[in-house]
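Look at the two complexes coming up: subunit A is in both, with subunit B in one and subunit C in the other.
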Partner chain A sequence: MIDLEKQPGFLTNATDALAGAFSGDGAPDPFHDLRQSARQSFEGKGLPTTKDEAWKYTDLRAALKADYQPADPSATVSDETIQQARIPGLDAALAVVVNGAFDAERSDLSGLPERITVGGLREQVQRDPAGVRDTFGRHVDLDRDAFAALNSAFSLDGLYLSVPRGVAVERPIEVVHIVTASGPTFVQGRNLIVVGEAAQATVIETFAVEGTGSGEPAETFRNDLTEIVCGAAGVVRHVRVQDEGPDAHGVSLVQTYQERDSDVSTLTFTFSTGTVRNNTVMVPAGEGGQSTLGGLYICRGGQHVDTNTLVDHVAPGCQSNELFKGIVYDQGTGVFNGKVFVQREAQQTNAYQQSQGVVLSPEARHYSKPELEIYADDVKCSHGSTTGAIEPEHIFYLRSRGVSEADARAMLLYAFAHDVVEMVSMEPLRDHLDAMIAERLK
Partner chain B sequence: MSTYTEHDFFEDVVEQGYKYGFVTDTPSAKAPKGLSEDTVRYISAQKEEPGWLLEYRLKALAHFFKLLDEGKEPSWAHLNVPAIDYQDAYYFAAPGDRVKYDSIDDVPQEILDDFEKLGIPLREQAALAGVAVDAVMDSVSVATTFKEELAKDGIIFCSFSEAVQNHPELVRANMGKVVPYTDNLYAALNAAVFSDGSFCYIPKGVRCPMELSTYFRINEANTGQFERTLIVCEEGGYVSYMEGCTAPMREEYQLHAATVEIIAHDDAEVKYSTVQNWYPGSAEGKGGVYNFVTKRALCSGRNSKVTWTQLETGSAITWKYPSCILKGDGSVGEFYSVAFTKDYQQADTGTKMIHLGKNTRSTIISKGISAGHSNNSYRGLVKVNPKAENARNFSQCDSLLIGDQCGAHTFPYIEILNHTAQVEHEATTSKVGEDQMFYCQARGISEQDALNLIVNGYAKEILAKLPMEFAVEAQKLLSVQLEGSVG
Partner chain C sequence: MSLLSIQNLHASVEDHEILKGLSLDVNAGEVHAIMGPNGSGKSTLASVLAGRDDYDISQGSVTFQGEDLLEMDPEERTREGLFLAFQYPVELPGVSTHQFLRTAVNSVREHRQLDELSVSDFLKLMKEKAEFVNLDPKLTQRSVNEGFSGGEKKRAEIFQMAMLDPQLAILDETDSGLDIDALRVVSEGINKLRNEDRAFVLITHYQRLLNFIVPDRVHVLVGGRIVRSGGPELAEELEAKGYDWLLDEAGVSA
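Our next item is the complex of A and B:
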């Protein structure tokens, strides 16, 4: 697919498709320069291999083997698929993204305050290129991340949300990403969320794959990038639920940038997937900022979930709180690599990081690398990382109270996983996540 | 040592800077400058080595050049290492024009005086009761004390070159077994040009009656020191081994690339303690020793145990990861470390615990203290292999920051390939508590003394693990280093 040696025309074809998509709408791509430099950056770096320190434990070769074709942005999906991908009982506005393109017809953005702008990113780029340019791609380090460069070079569309100063969007916005294709498909999605001073927004992303033709879901590879820019004293709640099935691979980056006294939280729940790498980079850039990140991954079969996080404390007096938990079964592999970086100016930083892995079968693997890099002295930073089996004493305690061994294990694992669910504030979403955990732990 | 009081302690604290920076004025025999096959042949010939060893050295040298050509100088550490010109150094220097001293009476007085100044008495009657010393200056072992007494128990404790001559079969069977020359660039360099070092063999069932100690000193200018230590502890044996090191103050850097190998058989126990006080460079970051060391222990036997304890205060740059390969079932690896950096020092140090056998256990406690413009990193690996049932590890890495221009970093790698493993890691970073300082100062303790007290308290847990002879020195050393760190 993106093996440039085997398929020298891939990037050119993608460029043509991109140019066509924009000129078809009668407008040039205002990000031509950014895309050019992103493309050069990607071509210069190539895809990461396990020789790259940041990719030590994740080998993408098997996941990239299929003969992926770019997704067709004009495809449509059935209502049934959309409904299935939604969080049951959650009262939310709906944004539907099919094969990386925003689908206005299927979306239902009613019930949101009038002053906000919400819709397709591409449409917004054409309507107000200068406005989007202020934030689009501004905080992403393309040199650090080849996939972010690839996304920036060729991504087409996604959700655009802009909340002006002082507006609190009470109603959550649910973004349903669906891939529909008959063969192996490569999809790139891009979301831009800009929350103004003292404004508030909640965004939930879910992902699904719909098969066409024979009905079997096709193998997919997603490369997603979500940017969240939060103004002073703004509040953003961002949750992702990945559960597309064992043939869905992907790399994603959630990049947040926060001004003074803002409060941003981004959580990722990974259930059934193939090989997945989730990157999160949070930059609390103004004094008094609060950054929360967390996630849960339950790996079965040959599933491989790699979580990579960076909290870059550049401003003084900020707090970050990180909690990731993983349960690995079968031949599953869980990876956690989290870094807390405290720059010289970032005095009075409080940074806390916790990662825990439970390994449940002989062939399951868990790797963890919690890092601290600290250049300021008046700070409190700590990390804890544990990996192991379920404590036999805990099982014994429950068994001595008449609980069967299977139930005791399920109960303990459920309690372990539920800690991350506790970080979510929406009741229906919590119930949904709990139900998914219970299902997955069966 | 027992009469050492708190008063003495604070007296010592007043001494500033690096007090081991003197140069011993003694003529010396040096190999020609630069690194080549000829240098290796020269060293080997000087030491009258057997053919197999020269061959081994030459193979290692070829590998070193290969790695160098491929640009494989380790660059992953959190260190800023200036380019090293391997041709601009001497690889062999013998103090006093001799490469070998048959008895202590042959050793020139100035060299004996030098070690006396360092507090290392080589005359046995003056030696600390119960410590046997192998003193190495530049490339040559100067003296080894208590040899005869140890030999009564069948213990071999001598310089590496002597071991090559007298016990070639033991050296040949064990050397390079734990740290092969292909391990890394500096291990290859060491294998090619290693000059001297200590060899220690504890026979089956013998508990070494005294502490063994090696004292390393770089004296010559522009000379690299490449010592090699090999400790073999047979079934049921026990030995406690200490290592100390100093170097004169020099404007230019000095390279120190040592290799330490430990092999512990069934039920054997080895304690390896280091007080590393190489010259750290001037306060402006000029000169100093580059300490690139490969230390590794193989716990090959059932229930064997290896403990690494280290106090790292010296060297301009430290790159050092004393490791344990826990191969025998029930084997135990321990790593206790205090690393102190100040001025422009850089340290990237930690450990690797590789669990291969069943029921293996490891403990890592690392305390980093950074001051001035220094950077101090802990880097460690805990790996539980698929067959290592019921492995356990506990790691704790704390960092203390003194001043706002320094850095403290933690890079632990935890790789779990077996579902019965229990692995815990925790790390904290903070500065010396203002409330603690205030408490001390409110009771009339000066700022400097208060800092000494707090830092020594912080490091006490580790220093207490050092053998008594070292613990006192270590505590003093830490205080001396702390001098000038406040304000």
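Our next item is the complex of A and C:
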């Protein structure tokens, strides 16, 4: 732990500005106490350092060094930037979040069932504070996670989606997060997705950074939190695509909480970024729940992607299925730390975890640490973790059929990566991901 | 000029010499069989010819169509017309057979200054060659060799050979693992591909293959060297007598 003195200056400077920005509009603030305790939790913990076991391989200092300023929530972006950040060919409703603020004008939330509530989280808090308060932050363990505390202390905008009982939202909702700034920018986003009993929803998040005017994209640091609360027999599909470029750093948490017989999947695809830490915590809390989590990261240059997951089996008869894959080139670093916790009550748990890393240069690194903690006796758990090079045998086989070495490598890596794409159900998104993978492997 | 000419080839792995002065000439239009006990170096020879880089070639030369084969990359050898059907083909989960073979066929065609095949022509070629070796077309819809039975893998190798249309095909124990019907189909396929320009090297332990494909020459490889060569009758002799008498003659122990 570090104390606030040693914290990057911008956070200490920014705290007051952030606090003002999010509570100075005279709206009722039912979150005052929550924010207060989050702030205390954050200030008490400070930012993690590599002495922290969970942060052993990820040193944020370089990523936090810039003179970050809080993002200007009143900024606007060009249509072109929004279009570029979208998934081509995907028929989806659009939610645009600029510099952490939901932009109602640029969003197009048509074509969705009338009975759902969808829009900006901040707006929703003003409209129905008690309703949001019911779920907001309920399942996030602020003591475990300083960044979640930081997010909870100050941030309050992003997507709000509430789907009532029995409503299936067929049309995916695409959330495009854009940062536009001329200098180093700190931005926080918060999404709250509440899916009722036997209801269904699909949310896809993409991220982009735009430079102002003709300027280069600014260096950014994001701290995002997405909460997904899924009622009994509900279904949620959540996919994130990170590809903002090498100067985009950040920490994120996807927190899911599931009731009986629900089925939630959250997947993260990380292409070009800077130093990124992606946390996922899934809690299948009712009998018969199904939790799927997975991701793919392809690191080049000095890119650093750290995936940290926790599946907390607290209820009996649930199934979790986890698959993460990483490809690291150059001086890139991939980290996977996945914990599966099976509590005493969680009998008949079926937990599967797999992490695979391919290391393609002598300076590239991949660290993989699966952790299983099982306190129930009647469970089926398996985990596997491999890190290595591409099999020379496999390359030789392809070359012996006339395929060039470069093509052979690309084919094998594509096959390796495509496995995770198979977990995505939407065809246009799969095609887009496959195309991005092929591009990134070139 | 021979199609393939191997002179005094020495190959070793980590200071362990496996091929110890092997010489062999194969002319266009010929079928040669190479037999020999387990571990005598048959697959090593095939691997060295195909360009696997695990081996240290300390002496000798190999020319293919008059060119120095050992100087070429594995893919270049194939594009020049060499094909190796592996004894143990690898499985490549997630690599689509279609995509792989299209890249392979077009790489070879480009090298031979032929036009790239269109998707429909490629599919036509696949269909034709799959029928040729009686390969279940469903297998070509799957990942390369993934979950194939032993016999299916061997058949798939011959299918790929037919797709790539080589000058010289080396088949490393393609007959092992084939049931008698499959052996007949595969042999008939090979016989149909026999012509005055094309040559085959069949590595095998069994006379039964050579009943279907009658070789021009039979060689016995023992201890990294060819210790005896003869006509088809040599294979029959080996079938009857085993290798022991040759081991003694060659001064090596099995």
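The working rule: the second predicted complex is superposed on the first by the 415 of 442 C-alpha atoms of A that agree within 3 Å, B and C clash if a C-alpha of one lies under 4 Å from a C-alpha of the other, contacts with A are read in each partner's own complex, and residues count from 1 in each chain.
Going forward, a residue touches a chain if its C-beta (ideal position, glycine included) is under 8 Å from a C-beta of that chain, and two chains touch if they have at least 3 such contacts.
Since the structure is predicted, the reported quantities are computational estimates derived from the model, not experimental observations.
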Do subunit B and subunit C fit side by side on subunit A in the superposed arrangement, or is it a clash?
fit
Hey, is it subunit B or subunit C that touches more of subunit A?
B
Between subunit B (first) and subunit C (second), which does A:Asp33 come into contact with in this model arrangement: first, second, both, or neither?
neither
Just to be sure I read the superposition right, which of the two partners does A:Pro370 touch: subunit B = first, subunit C = second, or both, or neither?
first
Applying the touch criterion given at the start, work out whether A:Met411 contacts subunit B, subunit C, both or neither, answering first, second, both or neither.
second
Classify the contacts of A:Glu80 with the two partner chains as first (subunit B alone), second (subunit C alone), both, or neither.
neither
Once the structures are superposed on A, label A:Asp419 by its partner contacts, choosing first (subunit B), second (subunit C), both or neither.
second
Just checking: does A:Pro362 make contact with subunit B only, subunit C only, both, or neither of them? Give me first, second, both or neither.
first
Applying the touch criterion given at the start, work out whether A:Glu393 contacts subunit B, subunit C, both or neither, answering first, second, both or neither.
second
From the overlay on chain A, compute the angle at subunit A's CA centre subtended by subunit B and subunit C, rounding to the nearest 10 degrees.
70
Once both structures are aligned on chain A, how many angstrom separate the closest C-alpha atoms of subunit B and subunit C?
12
Footprint overlap on subunit A, comparing subunit B with subunit C:
none
How about subunit C: which of its residues touch subunit A in the complex?
50-53, 73-75, 77-79, 84, 86, 89-90, 92-95, 99-101, 103-105, 107-108, 111, 143, 160, 164
Interfacial residue positions of subunit A with respect to subunit B in the complex
53, 57, 344, 347, 357, 359-389
List of subunit A residues in touch with subunit C within their complex:
391, 393-394, 396-405, 407, 411-412, 414-416, 418-419
Subunit A touches which residues of subunit B in the complex?
76, 78, 386, 399, 401-431
